[in-house]
Amino acid sequence: MTERVHDILSMYKSENPGVLTNLARMLNHGRLGGTGRMVILPVDQGWEHGPARSFAPNDAGYDPHYHFKLAIEAGLNAYAAPLGFLEAGAADFAGEIPLILKANNHDSLASEKDSWQALTASVDDALRLGCCAIGLTIYPGSALRQEMYENVRAYAEEAKAVGLPVVIWSYPRGSALSKAGETAIDVAGYAAQIACQLGANIVKVKLPSDHIEQDAARKVYEKEKIPIATLSERVRHVVQCAFNGRRIVIFSGGAKKDNDQEVFDEIKAIRQGGGFGSIIGRNTFQRKHNQALKFLDTILKIYGD
Amino acid sequence: MTERVHDILSMYKSENPGVLTNLARMLNHGRLGGTGRMVILPVDQGWEHGPARSFAPNDAGYDPHYHFKLAIEAGLNAYAAPLGFLEAGAADFAGEIPLILKANNHDSLASEKDSWQALTASVDDALRLGCCAIGLTIYPGSALRQEMYENVRAYAEEAKAVGLPVVIWSYPRGSALSKAGETAIDVAGYAAQIACQLGANIVKVKLPSDHIEQDAARKVYEKEKIPIATLSERVRHVVQCAFNGRRIVIFSGGAKKDNDQEVFDEIKAIRQGGGFGSIIGRNTFQRKHNQALKFLDTILKIYGD
Amino acid sequence: MTERVHDILSMYKSENPGVLTNLARMLNHGRLGGTGRMVILPVDQGWEHGPARSFAPNDAGYDPHYHFKLAIEAGLNAYAAPLGFLEAGAADFAGEIPLILKANNHDSLASEKDSWQALTASVDDALRLGCCAIGLTIYPGSALRQEMYENVRAYAEEAKAVGLPVVIWSYPRGSALSKAGETAIDVAGYAAQIACQLGANIVKVKLPSDHIEQDAARKVYEKEKIPIATLSERVRHVVQCAFNGRRIVIFSGGAKKDNDQEVFDEIKAIRQGGGFGSIIGRNTFQRKHNQALKFLDTILKIYGD
Amino acid sequence: MTERVHDILSMYKSENPGVLTNLARMLNHGRLGGTGRMVILPVDQGWEHGPARSFAPNDAGYDPHYHFKLAIEAGLNAYAAPLGFLEAGAADFAGEIPLILKANNHDSLASEKDSWQALTASVDDALRLGCCAIGLTIYPGSALRQEMYENVRAYAEEAKAVGLPVVIWSYPRGSALSKAGETAIDVAGYAAQIACQLGANIVKVKLPSDHIEQDAARKVYEKEKIPIATLSERVRHVVQCAFNGRRIVIFSGGAKKDNDQEVFDEIKAIRQGGGFGSIIGRNTFQRKHNQALKFLDTILKIYGD
Amino acid sequence: MTERVHDILSMYKSENPGVLTNLARMLNHGRLGGTGRMVILPVDQGWEHGPARSFAPNDAGYDPHYHFKLAIEAGLNAYAAPLGFLEAGAADFAGEIPLILKANNHDSLASEKDSWQALTASVDDALRLGCCAIGLTIYPGSALRQEMYENVRAYAEEAKAVGLPVVIWSYPRGSALSKAGETAIDVAGYAAQIACQLGANIVKVKLPSDHIEQDAARKVYEKEKIPIATLSERVRHVVQCAFNGRRIVIFSGGAKKDNDQEVFDEIKAIRQGGGFGSIIGRNTFQRKHNQALKFLDTILKIYGD
């Protein structure tokens, strides 16, 4: 056990040893094991965006086993997916990669202004499948966010009691926000804060832009001269908003990018800003297998340096 | 145990000894211990207003440990915060300061005319974290207030049965009220009364103005010549509305003020009007550490005289 | 919070913050507060031996309030008693002294060879009465010990989950043991070990004699030359058997002694041997009030030095 | 409300207002209302001894309504009976006399050396029938006493939570005791103590003899010169054993006596010794109606003086 | 994941992925990770034999942290202990070594002819503490074995449902067996079979002698010429009795031996006979630290070759 992992675990002293153990399992797994940094493969896009949009670019991805293998071969810290994808491979790959059960989900068959996610898997499912954590999404900014907070919190309490850490995908969205506002730096920091206050052990947010959405916030950012010009400054600010580094914050990669270097630069900015890692889906599983492995190899090298 | 604390506890004879014990713990802790007066540090603004607006003015406040330490060093009676902030320090500071779990919360990512607060922590959480009380907000004036009353009351019943006192933040707000009405003296008294009728052991209200919001009320205030000209008279009236002094009423400090003397004068008015104390967040944690300690020292001296 | 109390709490990292908080409350209360040592007043003899045998020597002790006051005035860490005695004063003395609910009890109306204790109070009672811990007795050596272990463990699990530390009175007794064996050093160490393995946060045992009860044990004590000649050596050995000092072990005073110096010498031996303190009933409440206070004052001075 | 009743209620501060209210109802009802003394009519002998043995001497007693009327006409504080007897009249006499549901019962169809009582009515029954309290028997001295303590305690916790005071019939009996021991003064005091420790609000014991059953107790009674020569001294001692007068202790009348004066002398001794009253069954309902009323009139006068 | 571990997991296809995952965690951990062989450190002797008999030979072992560290440093597959020992270190060593909660236990304070083990920890405890498995003992041969089978099976069912593998210590003992019969080859094979039939994922038995206890069995062993002359033949036979190698069987080391070579020869026999590994307690923790590490190094080399 490295000193860095010990330090990270020491930020979670109120949790039971089961939660600490599963956090350690994820932190110690894969090529980044022991560094305190994490790269996670999430594949919930089949549900979120539909299978063709998700898997046609690399049709090996229709097969749930493909993603288990990708995460294992690349040496990632964990693989996160909805119930069905995990059920399709949990026995086959038992013990080979820490699993995160993405327990609520949302499809894009309708485009509501204000949405929420359906709870589609139980804490018992996570135990039965040998998962190391459960993942839940909230939509700060949705008119339905309060119900989401209540549901997510009740679920999280149950999960932690049986030793499962809670990962919150905090994705600002809904009628209260402009499109730009969904990734605005003030909103991103706010979303990270809310996830932490709900008891998240790991927070997943999008990389923020330098847009400021709320007037009341803009005054403060300007008056206090909060540095948000560069991406690494913005990462640093989000980590600060997540209990000043006392909670693991990881950043999602967003849609597949054509320019790999753009992604690598983002990773460098995350690393430089004190982020704990990345959760990268489309940018990996929408590439051909070898390209994905090479792409991830570069990312892991950046984090592992 | 001082006579004053005994007198206060004797107002709560219908409560079980567990509730009395936890009330005593808060009343007996810190520099005001035994005086019957309380100063509490609340830090739920990260959730209510967002982290940057809350903590950028004194960025040490991004760190949840900072607030535990501030409350302990200043010698306050208790520290109140949402689940995440308490989880981040409850084990580290176990037994050093009475904790109040702020169990429902609301963010400002949307500006609803009529809002409510999500229940984001359970009574079991409060026990597991070693808290001395739970805190809940109601919005008298909101179109959703009835649901809030029901939820808050059900939660409070469960909390008291296991010995946890209930603190109600009674904050008039919503489409039924003008902006001035939110702090109108008639509304403030009304809000205090409702909190008490819901079974609150401690009521938190804002300092009222001399505005009168409701016509039906104005007639009575004028006819009965209820004295509300000075702040101390208004405090006295709110205390009267809170079961004539049989329930602990504390006053919130509101936004950070530039002029300290203004705050001190308010504290003197609270003391003179028979208020039981203050719950002061932004005016303390948004100052630099030493200034906050000095500021609180003055306040505790006023109350402790 | 002293460093010593921090060190003690750090031995209980698997417990939730509620358990840590209540341990801290007891460790920080009274004249020994902060020293890491504890003196507790237990008054369950009315049930164990009958009221006349217990209270006639100092008939003020028939009154349940007497014991609350004695523990408060003497500046002890906590007061332990069965349900009825606590119910008779928990509201009157709320917040003045940490309470331990002695939740199982046994009377001496029959003299069974193998006995057990009836569960006579619930975890909910402990919460309702504002207690800081629950206490339970086991009889290692009784033919019924296995059932006791199961009952005590189930109760303890429930108590810890709501933040209540568990004190186990580990009293060897029953058909498997000779009378001398009940306080034999090997049996005392074994009894302490079992209590710790059951999850006790605090273990209460009798002061051991240098008798060795079990042949299999005697061989080891002799071969390994375990030092047990003096009382302080035996205390040190029992503390060693209680997870090598990682669990709080306190020693009971036994029947009232005529010679005070004998008790004081025992206390010195406990202190010297690394014991955490004493739980002294009959030697205090069977004296007249002033004598009891003076007697306890001497004991607290020995421990507090 | 008299000062005396206020004083009595103040001994039960840990109880909820529902328990206090029902205690007050019984203390304030009937001719002794407000005096702090109680006379209760118990009719569980139909179950305990069989109907013919119980009711043939005055065959009006076969009719359950008879006992309601007797208690009402005599101006007693309460009427106690098993489920069936209460169901047979609770609607007819609703509101006319406080009812105590005798919730466990035992018949004499077999004569076990060690016995227990069956739980034959629920707390819900007591609420449904409008009862003011529930009554439960324990047999200290029985080899089955531990199970009885557990059952009675669990039932009592449930009853008090819904505002029903608990009356414990503490009747020493069983293989551990000689026949004389069942009413021995040491055993009677012990039985009263155990009932109080179990959380009884009212304790019912038999009038004790000057026999001392236990050797360990005799030494103390003799050494401490506990006065037990007269009945009033013994009553005083039992009241002392019942938390020094902080719990209501009432005495049963036993089998029907031929000599009324003997009963009256007992009542005077109870009064003189500080007992709170009597629970008199066979000595009243086994007399003809007018004689019973006259007999009770004398008793109430003794208590009411 | 090695082919061998895949093969082993493929024998457990009826189990849920959680059970497979935790089996894999143990099989993949430590220096034997991936070989399909296991060496586990069990430390329940403090409870089974008493602390002095267990830990005096190497008094570092009184400290629960010592055993965590020993298992970690030696590179073992798992550490098994009762609740208290795990609670004392589970947070400190979270994620460093797979833990097995030994959930039933028995002390040697009495020497019953027919005994059973008390359930002293729950499945929830195992989850809360982050364990990889639970361990339970049965005593085939005891008059109480049927109750043990029922209890163990019910517990195992609950454990597997939440993904925890079940390790059964199958220890023939009781009035039905001679002393020699406890390790007789026919009894050992029978004990392994029963454990497997109860649903054990891992079976722990003692190394068998060539004694045959049961006449009915002897006839068959002789008629069928079952080879049991050498230890490796007997190991092979026990593995055969454990579903012909379809269940993991590990062998316990028994009391500390003076001659190390004797142990190493046993290990070689286990390896040669197709046993899956060893569970070695006293032979390791009763040595000085460096000697234990060297001793285990030799054993791991034998298994790992």
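Structural remarks
A, B, C, D and E label the chains in the order they appear, each numbered from 1.
As a working rule, contacts are C-beta pairs under 8 Å (C-beta built on N, C-alpha and C of every residue); 3 or more make two chains touch, one makes a residue touch a chain.
Computed from a predicted model, the values in this text were never measured in an experiment.
Under the contact definition stated at the top, the chains bordering both subunit B and subunit D are C. Listed options A-C, B-D or B-C contain a single repeat of the A-E interface, assigned here to B-C, on the basis that more than half of the contact pairs agree by residue number.
The rotation that brings the Cα trace of subunit B onto that of subunit E spans 180°, given to the nearest 5.
A separation of 67 Å divides the Cα centre of subunit A from that of subunit D. Computed from the mean C-alpha positions, the centre of subunit A lies at a distance of 36 Å from the centre of subunit B.
Put simply, the C-alpha centre of subunit B and that of subunit C have 40 angstrom between them. Chain contacts: subunit C has residues 13-14, 16-17, 90-91, 124, 129 touching two or more partner chains. Chain contact topology: the protein chains form a pattern that is neither a line, a ring, a star nor a complete graph.
Taken together, the chains touch in the following pairs: A-B, A-C, A-E, B-C, B-D, C-D, C-E. The part of subunit E that touches subunit C in the complex is made up of residues 46-47, 49-53, 56-57, 59, 62-65, 82-92, 105-112, 116-122, 124-125, 129. Listing the residues of subunit B that touch subunit C in their complex gives 1, 5, 9, 13, 16-25, 27-28, 90-91, 94-96, 124, 127-131, 161-163.
Within the complex formed with subunit A, the subunit C residues making contact are 13-14, 16-17. Put simply, subunit D touches subunit C in their complex at residues 11, 13-15, 140-141, 143, 145-147, 149-150, 153-154, 157, 172, 174-177, 186-187, 189-190, 192-194, 196-200, 214, 216-217, 220-221, 224, 226, 237, 240-241, 243-244, 246-247.
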